[in-house]
Amino acid sequence: MRKGKTINEIEIGDEASFSKTIFEADIVLFGAITGDFNPMHFNEEYAKTTPFKTRIAHGGIAGSLIAPVLGMMLPGLGTIALETKTRYLAPVKPGDTITATGKVVSKDIGRNTVVMELTWKNQKDKLVMSGEATVMPPRA
Amino acid sequence: MRKGKTINEIEIGDEASFSKTIFEADIVLFGAITGDFNPMHFNEEYAKTTPFKTRIAHGGIAGSLIAPVLGMMLPGLGTIALETKTRYLAPVKPGDTITATGKVVSKDIGRNTVVMELTWKNQKDKLVMSGEATVMPPRA
Amino acid sequence: MRKGKTINEIEIGDEASFSKTIFEADIVLFGAITGDFNPMHFNEEYAKTTPFKTRIAHGGIAGSLIAPVLGMMLPGLGTIALETKTRYLAPVKPGDTITATGKVVSKDIGRNTVVMELTWKNQKDKLVMSGEATVMPPRA
Amino acid sequence: MRKGKTINEIEIGDEASFSKTIFEADIVLFGAITGDFNPMHFNEEYAKTTPFKTRIAHGGIAGSLIAPVLGMMLPGLGTIALETKTRYLAPVKPGDTITATGKVVSKDIGRNTVVMELTWKNQKDKLVMSGEATVMPPRA
């Protein structure tokens, strides 16, 4: 299988993205995996009483779309995530199509670590989440 | 439904936990939700060639076990997550039982925000992940 | 459990069908099983740019509806599939109800094999897929 | 998103593969999608009485691993499958790791079609399925 990029192959400014629509089924399955049955995700009647006025997707669903970016694209196969930071800026709703993007902002060749700026935008190009990841690319 | 704790009801040192076993099915379903088909999660033969020697669970599965803690226990219903930070310290394997814990370390009554220290331990009490969350508890 | 029909019990022209609606959740789960996260199945925004103008279901979802026909109806329990051929004629969309039908067109008693003509129609009676299967019915 | 290869970019002999372990959860979910609850997949006691002596995976699970190859690798995004043919040669069991490979054997530039030879091998390099696919690569 094709190994990801090593730290020497990675350049500041490199970026990669993954996009996917968030389905009702994703919310159901995320509940199954995590036990997070918060009524703001699972109870339409309750959701009408919240500031969002409708059910919203778990933040972790959109958040996790960065995983295929880091682990399968940039740096790619063999990457180990050390730390991630995520800010939640706007709600993600069922039916939204989210694009998760990682962009290299610095690298430390001695420690073999790369810092990437993360953004998550919806189909209207609205920034719904932002963050940073520190990862170790695969070694040569 | 019972609203979560307001900032005045929350005290420094309060904590809550949620525990769950990570199943093979969780890995399969997390792949469905995120599109993350990294062979370190899905290909036993490839996984044997990695430093972990076996397939490991997506970090986001264990990570997301903190969501029911924050949103359904402490502060609880009506909480909005602003920011989370997660450090990945040791691999989580299928069959591991993970306990995610949030503990209040500070609160800002003016801004209505609470900072919580997060830990994730496995069934052997090994710390596999750690982090922080900044959340807004529900208002009175 | 009731064994399927043997080759002597099967007659040319015998047929059996299975019908099922294709749900969004089927698409999500089929992605989980197969790793097929093609954006024509998973990304509504991308799908709008394709000739189909909307997301379509994986061909393998409708295609696999023939399996309960062959293995549980005709010939039925104990049948072993040797070969299948499938032609994809029109897209299947989420919400479509597909009827998969197998009809016996020939049998070879010496080799214990049966050839069946396969059709897949949607709720508007439109032929969306067609094909053939060669199967071994259970022995007496 | 990056379009797949056009017919002029494809060369005879080009090949691509996708590998994945077949999990118990895959069998459960494939049953959910297809209604194929044949006891040879779902009933361990019944399965002991069959020639295979154990439950086997639905043929369609391994079969469908070719979909990400054709649709996302070679030719890749924008490919439309016209016809597939599959021969079932040996059983696939839960826990097997299957590699699905497509190799270009001919192309017809006038009709914009490519014929690919398909193979499915398990972790012991045993050929469990073989077949052919005729596909239309994306146009320039």
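Just so it is clear, A, B, C and D label the chains in written order, and each chain counts residues from 1 on its own.
Keep this in mind: contacts are C-beta pairs under 8 Å (C-beta built on N, C-alpha and C of every residue); 3 or more make two chains touch, one makes a residue touch a chain.
Remember, predicted model here, so these are calculated numbers, not experimental data.
On a Cα centroid basis, the chain most remote from subunit A in this structure is C. Compared on C-beta pairs in contact, C-D and B-D come out with C-D as the pair having more.
A separation of 15 Å divides the Cα centre of subunit C from that of subunit D. Centres computed as Cα averages put subunit B at a distance of 41 Å from subunit C. Taking each chain's centre as the mean of its C-alpha atoms, subunit B lies 36 Å from subunit D.
Taken residue by residue, subunit A touches two or more other chains at 1, 19-20, 25-26, 29, whereas all remaining positions touch fewer. Contacts between chains, counted with the stated touch criterion, involve the pairs A-B, A-C, B-C, B-D, C-D.
Only residues 1, 18, 20, 26, 29-30, 32-40, 46, 50, 58-61, 63-65, 67-68, 71-72, 77-78, 80-88 of subunit C touch subunit D when the two sit together in their complex. Considering their complex, residues 28-29, 31-33, 35, 37, 42 of subunit B touch subunit C.
Those residues of subunit A lying in contact with subunit C across their complex are 19-21, 23-26, 28-29, 95, 97, 123.
Considering their complex, residues 23-25, 27-29, 37, 39, 42-46, 55 of subunit C touch subunit A.
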